[in-house]
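Following are the structures in question.
Consider the two complexes below, in which chain A is the common component and chain B and chain C are the respective partners.
On to the complex of A and B.
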């Protein structure tokens, strides 16, 4: 019976603003122009993701982004290098959504080709067509479509068979606009057989309110190893939505750990597809929120082949009116026997008004698998606090120690030494504020 | 070992892959015109001789339903339901003259019950169970009324309650599940035909287990039951619900609503064994079971316990919920969901913690075999005021064979820092060692599976009242028939 017309909300200001910026770019190849057209169409029909969409149930972007952010213009700032990284890392700057070409220093890489998407469109179009053109995200949201429709640039990194890069490659998203602006970036990472790279996406707060919508496609060939980390420093007026879309070959290893330190809405989504036997993914994240932060970590692990493993470890530490969201889905296809997956999410609420939403989901179509998930949400253990205080540790320190220990399992997932140090440093700073606020 | 013997018997009974309860009783029924419209709603209301406000209430629900969309979020697939291609009311013809005793009951009906294995008289005498047997949509016979009346307990069809205690029904109906709660609840509110109404007065402990057997009989009739149970302050009652349905090829829609109102210090224990026709081995036919069940713990220290054994229906969509409004109130949910062949079940619970020191416990056991899909979907939500709320959730899935699916979709929402919520889920299969061990001792594979599965479900089985526990164990065995080897 077709009694019920599907209700669709009227188009919001934000949606109209994004649609007005959509359209073909002059240097688009025909396949890309077609993709963009289709994506624009999709976005114009669906609009921004909202709470009536199951995957966005707890992060209502339509409500969080009413006015919209105009696409950013090219920036002029000369971005100084990261204080803690000189000599230890390779920095690539994406200023207002455009790769700063001078920051690409090919001479520092061997066996690895790096270029911007803009360059790749003319110099390596085939690579883009094989990756962006063939991308099949496990869950395609309208924001993904928006990214496809509006993206101008991003990083292309191709590691040849056996290439191994010794330093973390840090991709810095910097914004110097004063007006509220949006940036839509697409990165393509291809790791050949046995290649090893470490990629860090460093989202910096920037000057004004801004919206970062970044999609990173990762193709890991057999036995390749990619360590992928995300740092989000997002101001309280800004939005961050990042999607990592990884496809793992046989015996490939993918590590993805994120640290989210707030924002009006920060959504970190990781989608992993196991396409070859023996793949391993380790996903982790710490959500540290205060004020009115809204932080969402969403993972989707899809086992299409037998014998892969996925470990997930997430922690949320929230105070004030901060809201944390964790959605994790592990999906096991009918023939993906011997899958070994586990997922653990623990949340710590440190104030009366903080809240947490969790949805750890298992979707299993094979019988010989090990899949488990666990979730707990609560406050600091009074017994542990009492134990420490009875041994002479002041209450505030005891609390700080317990909160820090709480996130330790996630920090330990990180194999890269430099990243682990940065992670610990940034987290400790933030926790100092959170626990300090809370005790007063 | 008794269940193994029983299983062997059942297997003999079930020779030829026939649904044990698959038969159609040929009694003339009085039907509403096919399709759903305001006229259908008026027809049903008039048939029931309902008060004016009830008709308005139904029509309001119908208007709301027209505005609503069929939910698509459950992990179930079925062909689109044509709501205009079904009958919304069917009553046994002998309804005009309600029987005063069993002797007056249509013998055809009694034979049906016999085939179902519900010897009413015997059950009355031996088990002390008062049976409110629902044949299609009208409750035909209600027993043990006198004994219950002594204690002031009201236990009657809701249509009768609308005549004898209209104010009671008016006060509580739709207060737990509002008319527009969801698509199927709205549909039920508009066209519900009958169901049970139970009222336990203050301080009364209901002297016997109350029981209703539902049975869908008339072909192509949607069954829309509405049950309302009210436990006044300090009252206690245990309610049993069990169902079987005859075999037919066309899918049938069942959209029931159950509302439980639990006041201060009261307790309701609600147990269900659901064994409706699940469709044949190729997934043809079977019942669509879209049920809204909800308990509202309105007073302090109230307690509700849902226990369900779901083995039947082609598609099940059911989330018995607890609203823990009163301080210190307790909600429990024990569930076994078994799916085989092409069955699909998306079932679970909702625990809404509103009051202080409320606690809830969820034990869910899902068993999938054949080409079936079983999903646990549950919400645990602790609101701002729910200081010191506690929840423990355990959902275990067991897969038999590699063509079925078992899914877990828990939702956890916490808005108070003193809340403690724990959730655990596991997925496993029957191990080769277990099977080898049992077979080595001379137990055939099917019996061994039944034995192991019964063990897997033990925590839930223990919660069932005696009368149901036996039937439930048999059902587990029957449901998994042909799933191994």
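On to the complex of A and C.
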């Protein structure tokens, strides 16, 4: 696939910095070396995504990332486990972009092969060639190319037919560098027929400013179930760009819900391709921003076969000068009859200067489909506030209850109990701060 | 207990209350009747402290406090409760969370100990039995999907749980079936005591058969134009407001 080069400005410092790190890796198989070379070429032509590209119209990374982030060096920190997860989850740590091998603990998995990309490069190159080598994202940005060009590591998880893992697998992105650094991670998740897994990508703030560029490929065979969640605690000087690229077989179920709590720029993109009939995807996200946070959730759902359903539920809660972006593209091929698609985005702006951009895009070529979508942006309902206060609830508490209520429908999408609790806890903490600051 | 003097209030720049006087003694039940658009709900909102209902003249004293100086939630904690003519639906806020937050916020504001979970559950179970509010209603978000009558019963359940010194019921009887009407009236009567008064806004004499008022007022064009005992309500039912208004002029 080639991209039309967009006539662009001279190369920025950031772009030069990223390109200086590109090049073949010693362990690369020939197919990967070729892919990398092509990707590097692509990035060098296009540069960082910017506002003149349709898919990045509202999230201009060239403007948001001027100086660039140098490639991260291996970390030294011993990462303590998540206090609230001991025993209930399986943690895998990716420190400064490299999988901490001791955190893999294969003995905790059955019917599931788990290894780092680095290991797979030498021990299971065929798996990577069949996945990364054959990946066909619905939309491929220059950051995808940059990821291909610079990625060193990530998680490979292969669940055999019928395998079912009882605990959430929490992939922790941790950064211990002090200087601004970038990491480019690639994960490969393959769920065999009927397999069931829960994957959580937990992006932690890290010590210094940092840039996380993560691509996760997910292959769901027929009737497989993958619950995929993303927690993003991106700091106000940091960038997060994550892409989940899921391909669903017949009657597969894919759930993807993200919580974005800030960032200089945080872009969470989810692409779902329905390749087998009867697939179901539930996508959701809560964007909670303050200060000058910029949070973007983008979804693409492509119905290539009949009888699949996609539900999307997004909420943005923004204060100060925070900016939110939601783009939702749904495309239904001519033969994809009986597609059922629902997409709702609602924004709550708690200050004059907060803003929300919504871009729903429907391309429907089949005639027998159900497709409902809506977006709305507003403020807290004064009547509801008065009603609650008239029962003695102080204004700040009443607001907090109403703001929390606003995101309920997204929280309810989450099947996994542990994740739902974490989601609620992190969101409540954040909203407490947003509502508290805002009333003072 | 409540002393409203020469109250003028406007909504969106239009004067609605035009020199209203009302005095309630502790434990009394007063009924307010009057034609549509007279300003009954406006009075209720002014007492509750709703934004946009501006007092331009006059005073409101409640249990010795200047009510106008208090916020909406402070008035509630001081003992003012308004059962809304049109109760709101609040999606996403679970009814039980709402009730517990309200009960404990008021207690906290009054410097009392918060209610623990078992006592709170007992309280709500008792009240919901009294007002025939089903468990499945308590499990839903506040008022969401409730019928008109169910919403009104939820209002009185809240009243009973909060035990206000002054309960203002704005047409709580409208839209209720006979059984619900009796249930609501019993709730008000149960609260009635030397410390608990009620201001009952209604269009129908029927409610006053169940909640027998000490005083009945006629509110017309932003003023109390006539007051009397419970027989005034019967008189109104028979002759209408027109006659009373001419009579009073």
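In the analysis below, the second predicted complex is superposed on the first by the 433 of 440 C-alpha atoms of A that agree within 3 Å, B and C clash if a C-alpha of one lies under 4 Å from a C-alpha of the other, contacts with A are read in each partner's own complex, and residues count from 1 in each chain.
Basically, a residue touches a chain if its C-beta (ideal position, glycine included) is under 8 Å from a C-beta of that chain, and two chains touch if they have at least 3 such contacts.
Since the model is a prediction, treat every value here as computed from it, not as a measurement.
J.: Overlay done on chain A, so just call it for chain B and chain C: clash or fit.
T.: Partners fit side by side after overlay.
J.: Identify the partner contact of A:78: answer first if only chain B is touched, second if only chain C is, both if each is, neither if none is.
T.: neither
J.: See if chain A has more residues touched by chain B or by chain C, and give me that chain.
T.: B
J.: Just checking: does A:392 make contact with chain B only, chain C only, both, or neither of them? Give me first, second, both or neither.
T.: second
J.: Scan A:354 for contacts with chain B and chain C and give back first, second, both or neither.
T.: first
J.: Is A:63 touching the first partner chain B, the second partner chain C, both, or neither of them?
T.: Touch status of A:63: no partner.
J.: Go through the superposed model and pick first if A:334 touches only chain B, second if only chain C, both, or neither.
T.: A:334 sits against chain B, while chain C stays out of touch.
J.: Name the contact category of A:34: first (chain B only), second (chain C only), both, or neither.
T.: Neither chain B nor chain C is touched by A:34.
J.: For A:365 in the superposed arrangement: first (chain B), second (chain C), both or neither?
T.: Touch partner of A:365: chain B, not chain C.
J.: At the Cα centre of chain A, what angle separates the centres of chain B and chain C, to the nearest 10 degrees?
T.: 80
J.: Using the superposition on chain A described above, determine whether A:134 touches chain B (first), chain C (second), both, or neither.
T.: Neither: A:134 stays clear of chain B and chain C.
J.: Considering only C-alpha atoms, give the closest distance between chain B and chain C in the superposition, rounded to the nearest Å.
T.: The answer for the closest chain B-chain C C-alpha pair is 16 Å.
J.: Once the two structures are superposed, pull the chain A residues common to the chain B and chain C interfaces.
T.: Overlap of chain B and chain C footprints on chain A: empty.
J.: Within the complex, which stretch of chain A touches chain C?
T.: Touch list, chain A to chain C: 382-384, 386-395, 397-398, 401-402, 404-409.
J.: Applying the document's contact rule, which stretches of chain A touch chain B when the two form their complex?
T.: 1, 3-4, 6-7, 54, 334-335, 337, 347, 349-379
J.: If you look only at chain C, which of its residues touch chain A in the complex?
T.: Chain C residues touching chain A: 48-51, 71-73, 75-77, 81-82, 84, 87-88, 90-93, 97-98, 101-102, 105-106, 109, 141, 158, 162.
J.: Residue numbers of chain B touching chain A in their complex, please.
T.: Its residues touching chain A are 66-70, 73, 75, 80-84, 384, 397, 399-427, 429.
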